[in-house]
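What follows is a pair of complexes built around subunit A, which joins subunit B in one and subunit C in the other.
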Partner chain A sequence: MSAIASSPVQRNRKLSSRTVFGALQHVYIWIWLVLFALPFVVTILRSIQDVDGGHSFAAYQQVFESYRGNLWFSVKVTVITIIINLLVSIPGAYAIVRYTVPGKRFVLSLLNLALYTPGAVAGISLVITYSYLFHIPRTTTGLVGAYVVGTYPLMLVPIIVALRDLPQVYEEAARTLGANRAQSLFRVELPLLGPGISAGILLTFVIVFNEFLVTLFIAGPHTTTAALTVYNLTRTGFLPSTAALAAAMQLISFLVVLLFFRTFGSRYLKGTFLI
Partner chain B sequence: MSIPASTQKDAAPSTDNSRSRERRRRLTGPAMVLPALLVTVLFSIIPIVYLAIVSFTEKSSFFFRNTTYTWANYSTIWDRYLPNLETTMRLALLSSLIDLIFGYPFAYILIRKVRYRELVRTLMVFPLFGPLYLAYGLSYIFLPNGPLSPVLEFFNIPATKWLYSEPSTLFGMMIFTFPFMVMNIGAALSNVDPMLEEAANTLGAAPWKVFIRVLFPLSYGGVLAGFLMCFGWNLGVFVVPVLLGGLEQQRVISLTLYSKGMSQQDFGMASAMGIVLMAIAFIVTWASLRFSRGALGA
Partner chain C sequence: MARVRLEQITKRYGATVAVDRVSADIREGEFITLLGPSGCGKTTTLRMVAGLIDLTEGHILFDDQVVNNIPTHRRNIGLAFQSHALFPHLSVAKNVAFGLEVRGGMSKGARNARVTEMLEMMELTGFEERVPAQLSGGQQQRVALARMLATDPRVLLFDEPLSALDRNLRDTLKYSILALQRRTKKTAIYVTHDQSEAFAISDRIFVMNKGKIEQAGTQLDIYLRPQSEFVANFVGDNNALRGEIISISENGADGRTAVVSANGYTLSAFCPPDVAVGDNVLAFVRPENIHVLSETDGRGDPTVVEGTIEQIVFEGPTVRITVDAKGFPLKVNVGGAERLTLIEGGQRTVRLKLDEVTLVKSNGVTL
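== the complex of A and B ==
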C-alpha cells in the first residue's frame, strides 16, 4: 500500500528535479545573452545621461553636429566598398562554380589570404606599400583598397553557396527560350541569387562600417571614419558624446542585421563570419 | 558531286568556330577570377612581400638611400620581445580555453533544447560588431564606482583592482570570440544524431560517460576548429588590452607593433614583429581549416 502511494510522489520529485535542470539550462543561455547585449545597453544608458543626473538626447544632437562628416564618410566608404566587392565577387564566384579555373583550390585559398592576416599586420604592411610603392598614403583610395581585399572573400563565399544551390536548368531554359547571355544573367540568375548576394552585402557592411584597426594605420586627418573616431574618443574618457557615437554605430549595424534576418533568414550566412 | 563539297565547306568553319568557342570558354573562367586575384595581389600579396623585405632593414632606412640590410630585428625580438610574444600567446590561449569551457554547454543547449534560436542568433551579433564597442562598454561597467561595483563588493574583490587587469582583459577577449566557438561546436553538434545519446543512456551509461565516450569524440572536429579560430582572432588582439588591460597586458604584439612602427617610426622592427605574428596566425589558421573540414561546410 505504502509502496503504491510513494511511487507517484517519487516520480513527481524526479520530474520536478528534471524541470529545475531544464530551467537552469535556459537560465545559462540567458546569462550569456545578457552578457552579449550588456555593453551595448550600458553604452546607451551612459549616452542619455545628463550632467545634472537627468536624461536627455543632447549627446546625440552633439554627435550629429560634430561627427556628421565622419559618419557620412563612413557610409560613403562602405557603399563604395560594397559596390567594388560586388563587381569583383559575382564574376569570381560564377567562374569558380560554373567554369573551369586551373588550380581552383589554390586560387580560392589565395583569395582568402587577407581574411586570415591579423589587422595590425595588414595595417603596417599597407602603410609601407602605400607610402613607398603606390603613393596613396592617407587617401580614400587606400582605405577602400584595404577594405575590399579584407572583405570581398566574405562576399564570395555566400554567393558560391547560393550558386551551387541554383540548378543550371533555369539558365538553360532562359537561353533556349531566346534570352541572350546578359538577359538570362540579369533577369533570371541574379534575382535568384538575391539572398546570397545580400548576405555578402550584409557581411561587408557590418565589417567595413565598424572597422577601426587597419583604418588607424592608414587613415589621415581627412579620411577619419566614424569607427576610428570612436577609438580616438575612447582616450578622452567616458563622455556622453563618445557613448552616443558608439551607441549610434551599434544601433545602425544592429538595425541592418535585423532587417536582413527579417527579409532573408540566416541560411546564407552559414559558414561565414556571422554564424 | 557538289553536295559533299558544300558540306565540307560548311563543316570546316563550324569545327573552327566550335574550337575557338571552346578556347574562349576555357579562358572565360580565369578571366572572371582575374579582378579578384588582382585585388588580392595588389593589396595583400605585394604588401606582405614588402613587409618581409622591410623586416630585414634597419629602423626606417628602407625609405631612404642608406638602406642597410640586417638580421638584427629578428635577433632583437628573440632577445627582448619574447615576453611580449608570451603575453600574446598566454592571453589568446586562456581566453580561448574559457570560450571552450563555457561555449560547449552553450552550444549543446542551443542545438538540443532551445526553440528561440533566431533570438539567440540575433543577440549574438553584438560581439561581432567588433571588440571596440564591446571593450568600451565593458570598461564603463568595470569602473571602480560603476554599475558592477556592488557585485564586486559582494564577492569581496576590490573594485580598483578589477579594471586594467588580466581578468578583465580576458573577459573582454572571451566575450568577443564566444560566438565563433559556439558557431563551430554548434555546427558539429547538429550533425550528431540525438539517437546515439539516447542509445548510450538506455544502455546504462552515466551522463558524464555519454559525454566522454559519445558526444565529445563525435564533435571533436568542431571543438578543435572553434578553439583554433578563437585563438587566431585573439592573437591579433589590439583594442581590448588598450581599454581593459594593464601595462602587462598592453605588451601584446599588435600594440607593440603599432607603437614601434607608427610612433617610433622603427618600420624594420615593426615589420619583423608583423612577420612573426603573421607566421603564428597562418599556422593556426591552416590547422583550423584542416580540422574544420565538414564543420564549416568548406
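== the complex of A and C ==
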C-alpha cells in the first residue's frame, strides 16, 4: 500500500531533478559558446564604430581601398599552397597506403613532425634555410614554400585515411573493364577519395589563409599577407579599420567554409569527421 | 569466346604455395567451376586469369596467345566480384557505360544504345539514373553483370558473385547467370565454395584443395565417382567408413566388385582400378543411399546392418536419422511416406541396406 502511495511523489522528484540537470547542460554549453564567439563579436562591433561614437561601415570601405592587395595576396598564396599540397599528398598517400615502404610508420611520424613544431621554431629554421641555401626569403616562392612545409600533413593525413577506407576492388573493377592506370585514377579513385581531399583542402585553406607566425619570419615588404597586416596595424593602436580587416578575414574564412560545405558537403563530406 | 588454358600455373607467397601447378583446358564456350573450401587457391587462380595477380610459374593462354604479360585492362575479360564493386559515385547507366567509355572508339549514340540493350537484358530498364546505394543487393549484382557484359569480353570470370546475397536471390540469380552464359556462348570460369551453385551451372567442376586440383569432371563424376578422400567428403554429405578389401570379383564389362570389411560391416562396392585385395580403403556411403528395410526384407543378406536410432530430425522433404550401428554413427536420409512412418512409429531399431558404396584408396590420414 505504502509503496503505491509514494510512487507518484518519487516520480515527480525524479522528473524535476532531470529537468534541472537538463537546464544545467544547456547553460554549460551556452557559456562556452558565448566565450568562443565573444572575441569575434567584439571585433565586429569595434569595426563598425565611428570616431564620433556612431556606427558605420566606413572602416570596411577603407579596408577595401587600402588592404585589398593584402587580402588578394593571401588568397593567392593559399590557393597555390593548396595546389602544391595536393600534388605532393595524393601520390604520397598512394605510396604509403598501397605499397610496402620500409619503415612506413617511422616515415609517417616524421612527415607529421611539421604539425608539432612550434611556429617560431619553424619560422627560424625556414629563415636560415631560405637565406643561406636557396636565397628566397621575402619572396612569394619562399612564403608558399614555408606554407607547404608547414601544412602538407593536413592534406596528407585525410587522404591517407580516405585511401585506407577505399576498397581496392573499385580499382580492380575499373582495370577489368579496360581502364588503364590513369583512367582508373581519374575516373574512379580520385572521385571516391573526394571526402579526404575535400577535408585536406578545407584544413589547408583555413590554416594558411590565417597563418601569421611563420609568415612573420618569412614575409617581406612586398609579400605581406592580410594576417600579417592585421598584426602590423595593431602595433599602431586598435583602429576600427584594423578590426574591420580582421573581421573581413574572419568573414572570408567563414564564407569559404560555408560555401564548401554547401557545395561539396552532402557529396564528399558525408561520413567524415567534418560532418 | 576463347579457349582458356592454364598450364602448370603456380603462385607462391614466400614459402606459402597458394596455387600449386594447376592445369586446365577450358573449351570455347564452356562453363567451368572452381569449387573448394576457403583458402584452397580458387580465387587466386581466378585472379591470375584476370591478371590481377602475377604468376610465379606457368602459363595462361587465351586461344593460342600467352597472356601472362598482358595487363588486366587489355585482356578483354569480364569479372564479377563478390561485393559487385559498382562504382558508388556513378549512376547505373554510367556504371554500365564505364568499360565502353574507357576503351573508346564508340560514338555516344552507340554507347547509349549498348547501355540500354544491356539494361533491358538484365531487366533493369528505368533504373538508369539511380546510384548503386539506391538498389537492392540483387539489382546491384544484375547491374554488375550488365556492366561486365557491355564490353563484350572474351572470357567471363565470376568470383563468388552470389555469396553476399540471401538464399532465394542466389537461387534465381545462378540460373540467370547460366542463361546469360548460354546465350552469349562465352567461356566462363566461376569460383564458389557452394556446391549447389557449382552443380547447377557448370559443364565441368574442378574441385580444389590446398592449391591443387583434386578432381575435374562433370557433376556425375564428382558426386558419384569421387577419386579422393577430400572430394568424397567435401562434395555432398557422406558416411566414411575405414576398411579393408577382402575379395575382388570380375564382373565382365561392368568392371570389378569388391567386398569390403569396414567397422564390422560387410559391404559390396564397385572396385576402382588401383585397388587390390588387402588394401586399406575408405568406403563412402551417401545418406540418401542408405535404405531402411522392413522386418522381412533382406533376411540372410550379409550386407544388411542393424542399429538403434539415436536421433530423428524432420527436415521437410526428408528425415535425417542418426543410427548407432556397431558403435559407428551412420547418417541416413529417409524420404517419402517412409519418413512419416518412422517419425510416428516410435521405432527404436532399424535394419539398413547400404547402396552405391564408393571406395577410395586410403592415404592413411585419419578422418
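Before moving on, here are some points about what is shown:
FYI, the second predicted complex is superposed on the first by the 246 of 275 C-alpha atoms of A that agree within 3 Å, B and C clash if a C-alpha of one lies under 4 Å from a C-alpha of the other, contacts with A are read in each partner's own complex, and residues count from 1 in each chain.
We take it that contacts are C-beta pairs under 8 Å (C-beta built on N, C-alpha and C of every residue); 3 or more make two chains touch, one makes a residue touch a chain.
Owing to the predicted nature of the structure, the values given are computational and were not obtained by experimental measurement.
Once the complexes are laid over each other on subunit A, subunit B and subunit C both fit without any clash.
Of the two partner chains placed by superposition, only subunit C is touched by A:Leu192; subunit B is not. Touch criterion not met for A:Phe260: it reaches neither subunit B nor subunit C. Number of subunit A residues touched is higher for B, counting subunit B against subunit C. In the superposed model, A:Phe73 makes contact with neither subunit B nor subunit C. In the superposition on chain A, contact of A:Thr176 is made with subunit C only, not with subunit B.
In the superposition on chain A, A:Leu35 contacts subunit B only, with no contact to subunit C. Looking at the shared chain after the overlay, A:Gly119 reaches subunit B, while subunit C stays out of its contact range. For the pair subunit B and subunit C, the least inter-chain C-alpha distance in the overlaid model is 6 Å.
Taken together, the two structures place no residue of subunit A in contact with subunit B in one case and with subunit C in the other. Across the complex, subunit B is touched by residues 22, 25-26, 28-29, 32-33, 35-40, 42-43, 46, 87-89, 91-92, 94-96, 98-102, 107, 110-111, 113-114, 116-129, 131-133, 145-146, 148-149, 152, 156, 206, 210-213, 216-217, 227, 230-231, 234, 238, 242-243, 246, 249-250, 253-254, 257-258, 261, 266, 270-271, 273-275 of subunit A.
Of all residues in subunit C, only 50-52, 71-74, 76-79, 81, 83, 85-89, 98-99, 102-103, 147-148, 151, 157 touch subunit A in the complex they form. Those residues of subunit A whose C-beta lies close enough to touch subunit C in the complex are 167, 169-170, 172-180, 183, 187-188, 191-192, 194. Listing the residues of subunit B that touch subunit A in their complex gives 25-26, 28-33, 35-37, 39-40, 42-48, 50-51, 54, 62-63, 102, 105-106, 109-110, 113-114, 118-130, 132-134, 136-141, 143, 147, 175, 178-179, 183, 232, 235-236, 238-239, 242-243, 253-255, 257-258, 261-262, 267, 270-271, 274-275, 277-278, 281-282, 285, 296-298.
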